[in-house]
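Following are the structures in question.
The same chain A turns up in both complexes below, where it pairs with chain B and then with chain C.
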Partner chain A sequence: LRKCLISMDMRHLEKSFQEMKRALQNKDTFQNVTILSTLETLQSTKPTDVCCMTNNLLAFYVDRVFKDHQELDPQILRKVSSIANSFLYIQKTLQECQVQSRCHCSQEATNATRIIHDNYNQLEIRSAAIKSLGELDIFLAWIDKNHQKTSGA
Partner chain B sequence: VPCVSGGLPKPMNITFVSINMKNVLQWAPPEGLQGVEVTYTVQYFIYGQKKWLSKSKCKNINRTYCDLSAETSDYEHQYYAKVKAVWGTNCSKWVETGRFYPFLETQIGPPEVSLTTGEKSISIVLTAPEKWKRNPEDSSVSMQQIYSNLKYNVSMYNTKSKRMWSQCITNHTLVLSWLEPNTLYCISVESFVPGPPRLTRPSQKQCVSTLEDQTSGLKVK
Partner chain C sequence: DTAAFLPAPQNLSVHSTNMKHLLTWSPVILPGETVYYFVEYQGEYESLYMSHIWIPSSWCSPTEGPECDVTDDITATVPYNLRVSATLGSQSSAWSTLKHPFNRNSTILTPPRMEVTKDGFHLVIEVEDLGPQFEFLVAYWRREPGAKEHIKEVRSGGSPVLLETMQPGVTYCVRAQTRVKAIRRYSAFSQVECVEVQGESLPL
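Take a look at the complex of A and B:
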């Protein structure tokens, strides 16, 4: 089963995030709550679940986080929009994999996705969006790790 | 006896200094307290957990650093740390770090570099740096095991021609060929991981000379 690997200029995404990381994370005042971080399952995603988890997390950011986030700082807004557009592009490239039904979702992937949404629902919507944006480094590191050009499973 | 918070100015420039997952919290003394016997107390927080935790070895200390490597050894989690200054019954407010993510922020130390010279070549063998370990007798973990995409930037300098060039490699050996015989070359190597920018630290420069050109010594009878 050849993995669905996305080819994306990760450095650009990481740079965009690094430039707003401190500002975003300083606005997140709930240090005792995390959206992505507690998931040991995220850290040990099986190769066969990578495509599904990538899709689910992209949809989480595109359909919820970016929509719920309200930003006054034009610089941060520009960087968030840049990341959002990149995610839309990645979603398109993964659609090909879905068409060829190589984006199977196991029960673990489905459970992990539901936990992420449950964590998000715990918080007031603006706080949840800010926290999720502040955790983009976790998601980007996960993409980097799981979408390196390696041999398929 | 609880101290009066805010009675002292806060410590400054608090930050994690992290190399190969050895994570040391550092700060500068508060301004305007030169000559005053100030002590410091540190706490740390695991992002997503419930409360701040203390480290007994970093309570009422005189030094301005605290090794939190053991407390932050799960490098896929994120952390905060904070410090306050104490003097008598007065203490400063806490000053806190930003969110610290060891996996993305630790500095990758230089590899071990061993060089073997030939007539017109130098063979370079690299050994990946080791991750910090709790006890010296613990088994070693290479940073390569954590970062499978670890790469090396090899810088080379011909002391005769004053020419410098560099090469990026992923494996651990490199043979420099077509070099000038009997010439001193200096080599330094830096580890790096593609991803968010990190501080880097090149290896100690090592200089070796290629061997004499064997053919030049032959006498035509």
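Take a look at the complex of A and C:
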């Protein structure tokens, strides 16, 4: 079963994130709490879970984080918009895999996703969104590692 | 009051070539006055999930001329809405919105300019630098019956790339095309350029 790899301009995504990281992490009032911590424990994501986890995390950001985050600074707004629209594009390319049923979710992947949402629900919504945006580098690094054939989105 | 009613800019359109996107519109002309324009955009994400959000363009909030380079704003391969408003002092016109959303995958990709040279017996190509999103596919062959075409992927332009060590007396030909993976498209091939190294063709 051919692995479901997505093509993504990681260089641009990481650049967008780096340019807003300091501003976001300065607004993060709960420094000793993490939302994507489970991803550190998912270092050895099974190849068969990569598509599902990617999909679930993209949905987490697209359907929750970016919506819950309210931004007044146009500079930050542009960076968040750039990442949000890039994630939207990647979701579309992943849909092709889902249609070909190559995006199976194991119990482990489902549990990991639920933990992330539980972590998010523990915090007040704006704080949770800020923290999740500040942890985008964890997700981007995980994507980079698990989608080795990345180059442009 | 000359600007009691400030008309909204008209005829918005986007001209995009090689991933450079230029928004243009018809200027609002008020004799003796300088009219400025504000450009804003929203990607598909904003239009789907937060349609009230419009983002000030990186370079044109405000701008004086009737055009705006929105390349740094259009950073994903999804449809983007664009709008322009004219201002004069404290007066602002209504917003004028691009009729059809713009997606960068509609950009015109032109065949790359290239320079094919000889460095001693080396066949060398230098393709124009079109930016970090551009890669190039170079095809080269010996101009003789039954010759096989060789392919080389060039990751970025702007620097010489060695293709092959040439045999004296043989003509070598080259053509190239641009590739942009971010939009999954490539250009037509360039014109063919051929070079030859003088001298006796060595006996096999």
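Here is the rule we use: the second predicted complex is superposed on the first by the 145 of 153 C-alpha atoms of A that agree within 3 Å, B and C clash if a C-alpha of one lies under 4 Å from a C-alpha of the other, contacts with A are read in each partner's own complex, and residues count from 1 in each chain.
Following the convention adopted for this analysis, a residue touches a chain if its C-beta (ideal position, glycine included) is under 8 Å from a C-beta of that chain, and two chains touch if they have at least 3 such contacts.
The model shown is predicted, which means the values in this text are computed figures rather than measured ones.
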Fit or clash - chain C, chain B, common chain A: fit
Where the C-alpha centre of chain A sits as vertex, the angle toward chain B and chain C in the overlay (nearest 10 degrees): 80
Which superposed partner A:Q25 touches (first chain B, second chain C, both, neither): first
Which of chain B and chain C A:P74 touches, first, second, both or neither: second
Partner chain(s) touched by A:A59 [first = chain B, second = chain C, both, neither]: neither
Chain B versus chain C as contact partner of A:R11, first or second or both or neither: both
Partner chain(s) touched by A:D137 [first = chain B, second = chain C, both, neither]: first
Chain B versus chain C - smallest C-alpha distance in the overlay, whole Å: 9
Those residues of chain A which chain B touches in one complex and chain C touches in the other: 11
Residue ranges of chain B touching chain A (in the complex, touch as defined): 45, 47-51, 76-78, 80, 98-99, 101, 103-104, 148-149, 194-197
Footprint of chain C on chain A - complex, ascending: 7, 9, 11-12, 16, 62, 66-67, 74, 77-78, 81-82, 84-89, 151-153
Touch list for chain A against partner chain B, complex: 10-11, 14-15, 17-18, 21-22, 25-26, 31-34, 37-38, 43, 134, 137-138, 141, 144, 148
Contact set on chain C toward chain A in their complex: 42-46, 48-50, 53, 55-56, 58, 61, 73, 75-78, 80, 132-133, 180-182, 184
